[in-house]
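Listed after this line are the structures, all set down as structure tokens.
Common to both upcoming complexes is subunit A, partnered first by subunit B, then by subunit C.
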Partner chain A sequence: MKQAAHKILHMWRVFVAIFRMSIMMHLTTPLGGVMKFASVFVDMLIYVVFAKIIFSYIPAVGGFSNDQLYMIVGTSMLIEWISWFTFRAGTAQTPDKIQSGKIESVFIRPLPAPFLAFFTRMDIEDVTRAVTGLMLIVPHAAAIASPTALHVALYAIALLGSSAIYYALLASISPLAFFFGKLDGLWAVVNDINNMGRYPFTIFTRKVRWIFFTILPTAFLGSVPTLILTTNDHWQWLALTFAVAGIGIWISVLIWNWAASHYSGASG
Partner chain B sequence: MAIIEVSHLNKTYEYYKKEAGLGAAIRGLFRREKLFTHAVNDVSFAIEEGEFVGFLGPNGAGKTTTLKILSGILHPTSGDARVMGFTPWERRTEFQKQFAIVMGQKNQLWWDLPAVDSFMLNKEIYEVSDRAYKQTLGELTDLLDITDIIDRPVRKLSLGQRMKAELVAALLHSPRVLFLDEPTIGLDVVSQQKIREFLKRYNEEKKTTIILTSHYMDDVEALTRRVIMIDHGVKVYDGALTDMVARYVDHKILEVTFTEPVLKKDFRGCGELQEFDSHRVVLSVSKKRSKEVAARLLASFPVDDILISEESLEDVVRKMFQGK
Partner chain C sequence: MSVATKYARIFSLGISEMLAWRFGYFVMALGSAINLLVLFIFWTAVYQDGNQIGSYSLEQLLIYYAFSITLQILMDYSFVWGVSEALHQGNLSQYLIRPISYINFLFVKEFGVRVATIASFAVPLAGVVIYFHDRLPNSLLAWILFAATTVFGFIVVSLFGILFAMTTVWFQNPHIAGSLFFTTSFLLSGRLVPIDLMPAWLASIARWSPFPFVTGMPLEFVLGNRAGFSIQELLIGLVWFVVLLFSAQRAWKWAVIKYEAGGA
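What follows is the complex of A and B.
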């Protein structure tokens, strides 16, 4: 227990150090940072405008009210922000690192290799996603009924759990590059999964829903946290979120260990 | 007790034969010929704590693969290795905290940031205390003479300065074992010399066990007393550098300059003529005959100067690998 706590604290310190360096990296080319910031903002703005238009015609879908639909979209943006702020860039870069041999540095350092491989760059400009997401969530949450402090706290925890699920998914896909190279096509699927998280899972049939709660857990990227914020079934949804996150991370570690043991060098 | 023990280590890479052309690529989808490369073939050796060992071999000999296995980057196909009592490819944290690997062709420093920021990151990764960090950083930057450049972005540093900074980053946690893979590659003569001096002193003072691979024989001559030579994955020599030279150097080089022009044909029977112009010759003569040939040259030609030297280590190694 003490060892596990020490390890988590160690990883946190390294995470903070990498975060500091990411900020410094952005500050070396401030104009580039402004450009990235602006492009994410425009991307979000376009999406929100379309969402507003589309959802204005839909009073309710599959048991989710119009306000909840907006909150699902906002929630998926928040999770996307957390992912870009932590592991998304690292998981996307992993295939290149494997092909160039740069991945080798993660095998020799005294920290879990997936952590060093995936938490390597924090995209600060993606804070725009969080701002846009909150702009959608706050007014619509207030329109339903003011959520209690417990609802908000559990929602915040659920966001971390959902991000962990998303991490587990990407961290399970990335090591496949040890065998298959670039994985370009798979990243398009990942983006689709992310986009599908912006729709309530109840619009799908039961069989498809099962997939969205397990193999492609898009239900946790928007709908489930929204239910935690807006309903009183929050404990069971939260428990499910962390159960899926735990299993997902465990599977991702198994996949990494298995794939990494087959690494034969960039020039091998 | 040996700090590094390698026993019957093997690493075989599998790959598929790929022929040129679209047709061959399509055929390859259905029928592929599997090929094998034995990068490391039944290699065994042991290294004592504090030793500085040169690991030599031509390109593709298996040097880097061996170092990667010993540092836990690669899993061997078979055989065993222990470094500080650990099996490297199990990648235990206690093991990883006690060794470092520097590859001359790969860098770990953040390109756009000052080197000191990468040092800070390594401090956190290796959990170096503030006090130890300050002291070690001060010592290393002093020894390598880079105190005034660690605040500059890495991309602004020269290759030599960058390699020195790489060494600092690798040594901040005071490893017991250091693997160096071509640390002087591409550097100018002055930078090579500085890095050699640093490594020699570091090994003497800290008693760090170092394995060095290099294509520069000057590195090997200046730094190591023991060399392990590997060719096509097979260990071909393991012993003292001086013994190797004594065993394989069977010729001397005679460089003679003349006051008057001489003819090529007159040097028949004087050994192998390596270079010739009318006023200068370079001859390779067997050790046994070198005195006799030198005396004959002095007696028969208008000699201005004569220089007798050993074959260079580079030539010895080349001969060994060419099987001559």
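What follows is the complex of A and C.
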């Protein structure tokens, strides 16, 4: 127990060190930093414009009200922010590291290899996603009914659970580079999957919905946290979120261990 | 070797490069099909609930987004990263001593890559064309104009791509200017929503930019909402083409000078 706590503390220190380095990297090229923020801002503007245009014609779809639709988009932005702030850049860079052999350094250090492989960089500019997401969520949540403190607290916890699910998905895909090398096409699919999180899961048939709750758990990247914030079924949705997150992370570790055991050098 | 043979080889090099990673290619094809399927499900659900988006029927929107994905594949800007990385890592030197223009080399190779990529979406696109064949334009002229606008859009995208890739020399980071350009283009091209659905201020900005040539205008031919171009649109296209061509050439020359200075 003490050893596990020590390891978690060690991981946290590494995480904080990466955070500091990421800030310093941004400060080395201030103009570049400003442009990065501008880029993410325009990216977010795109989704706000899309939501404003399309949802102005849609009072409800698949049982989700207009306000809830906005909140799904906002929620997916918050999860995107958490992912870019933690594991997203690392999971995207891992295939290149595997191809070039740079991945080998993670196998010889006294911390879990997936952590060292995936938590390598924090994109500070993506905080813009969080700000935009909150600007969408807050007024629309207030319009439905002022959420209680419990709703908000459970929603925040659900965001962490949903991010863990997203991590599990990417951390399960990334090690496939041990076998297939380049995963460019697959990352395009991952982006598409993430975009699916911006649609209410109820628009899909029951069989398709099952896929979006298990194999490609996009329902947790927008709709489910929104339901936790806006309905009173929050406990069951929260329990489901963490159950899927736990299973997902367990599977991702198994995939990493299995794939890494087949690694025999950058040319192998 | 004749000029035509030289560029034909570069074109086939682009196709080979794309097909080298077959798993990635297969997954990309699958991803595009899934993306299209989800869009179909979403818009069908929206219209089933009695909603309507502007003056667009469900069929029109489905055709719009199916062809939009096709153009998105064709107009992909990812080659900018390759150019930026070459500048950033110092790999450009090998191209400077070859008896061929780097810009022309890139343009033709990228065209090969795009042709191979579009083939990955052929099956879903063929499905859409067969299913909606009675909703698509019958006139040959409409398809010719669609193709011509698309080619012009590709040229615009490539020139912008080269221009922004060159900024790597100044920003010391290959991803900064490119990212900003991608998102702006995504917003103004009509890839997100048809231009006539945009708020008036945004549609006005879009119409003065070259981006509608990339997605919105070609798709208007497919939907039968456009018969040709106005003089203003042609002038806007021409002015942008000249400005981009001039700027890309100047940026390339400056970048080479700066690149050499950096390596000294």
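A few points about this structure:
Here is the rule we go by: the second predicted complex is superposed on the first by the 266 of 268 C-alpha atoms of A that agree within 3 Å, B and C clash if a C-alpha of one lies under 4 Å from a C-alpha of the other, contacts with A are read in each partner's own complex, and residues count from 1 in each chain.
In this text, a residue touches a chain if its C-beta (ideal position, glycine included) is under 8 Å from a C-beta of that chain, and two chains touch if they have at least 3 such contacts.
Bear in mind the structure is a predicted one, so any value in this text is a computation, not a measurement.
When the two complexes are overlaid on subunit A, subunit B and subunit C sit side by side with no clash. Once the two complexes are laid over each other on the shared chain, residue contacts for A:A243 go to neither subunit B nor subunit C. In the superposition on chain A, A:A188 contacts subunit C only, with no contact to subunit B. Applying the stated contact rule after C-alpha superposition, one finds that A:A142 touches neither subunit B nor subunit C. By the touch criterion defined above, A:A153 lies against neither subunit B nor subunit C after alignment on the C-alpha atoms of chain A. Residue contacts after overlaying the shared chain place A:A38 against subunit C, while subunit B stays out of touching range.
Comparing subunit B with subunit C, the partner in contact with more residues of subunit A is C.
Once chain A of one complex is fitted onto chain A of the other, the partner contacts of A:P59 are limited to subunit C, with no touch recorded for subunit B.
Judged by the touch definition given at the top, the superposed model places A:R13 against subunit B, while subunit C stays out of reach. Once the two complexes are laid over each other on the shared chain, residue contacts for A:F107 go to subunit B alone; subunit C is not touched. After superposing the two complexes on chain A, the angle subtended at the C-alpha centre of subunit A by the centres of subunit B and subunit C comes to 90 degrees, rounded to the nearest 10. The superposed three-chain arrangement places the nearest Cα atoms of subunit B and subunit C 9 Å from each other. Residues 29 of subunit A touch subunit B in one complex and subunit C in the other. Partner subunit A is touched in their complex by these residues of subunit B: 13, 39, 65, 68, 71-75, 89, 91, 93-94, 96-97, 99-101, 106, 108, 110, 112-113, 117, 120-121, 124-127, 153.
Per the touch definition, subunit A reaches subunit C in the complex via residues 29, 31-32, 35-36, 38-39, 42-43, 45-46, 49-50, 52-54, 57-62, 180-186, 188-189, 192, 195-196, 199, 203-204, 208.
Listing the residues of subunit C that touch subunit A in their complex gives 21, 23-32, 34-35, 38, 41-42, 45-46, 49, 51-54, 171-173, 176-177, 179-180, 182-184, 186-187, 192-193, 197-199, 202. Across the complex, subunit B is touched by residues 10, 13-14, 17-18, 21, 24-25, 28-29, 101-102, 104-105, 107-111, 113, 261, 263-265, 268 of subunit A.
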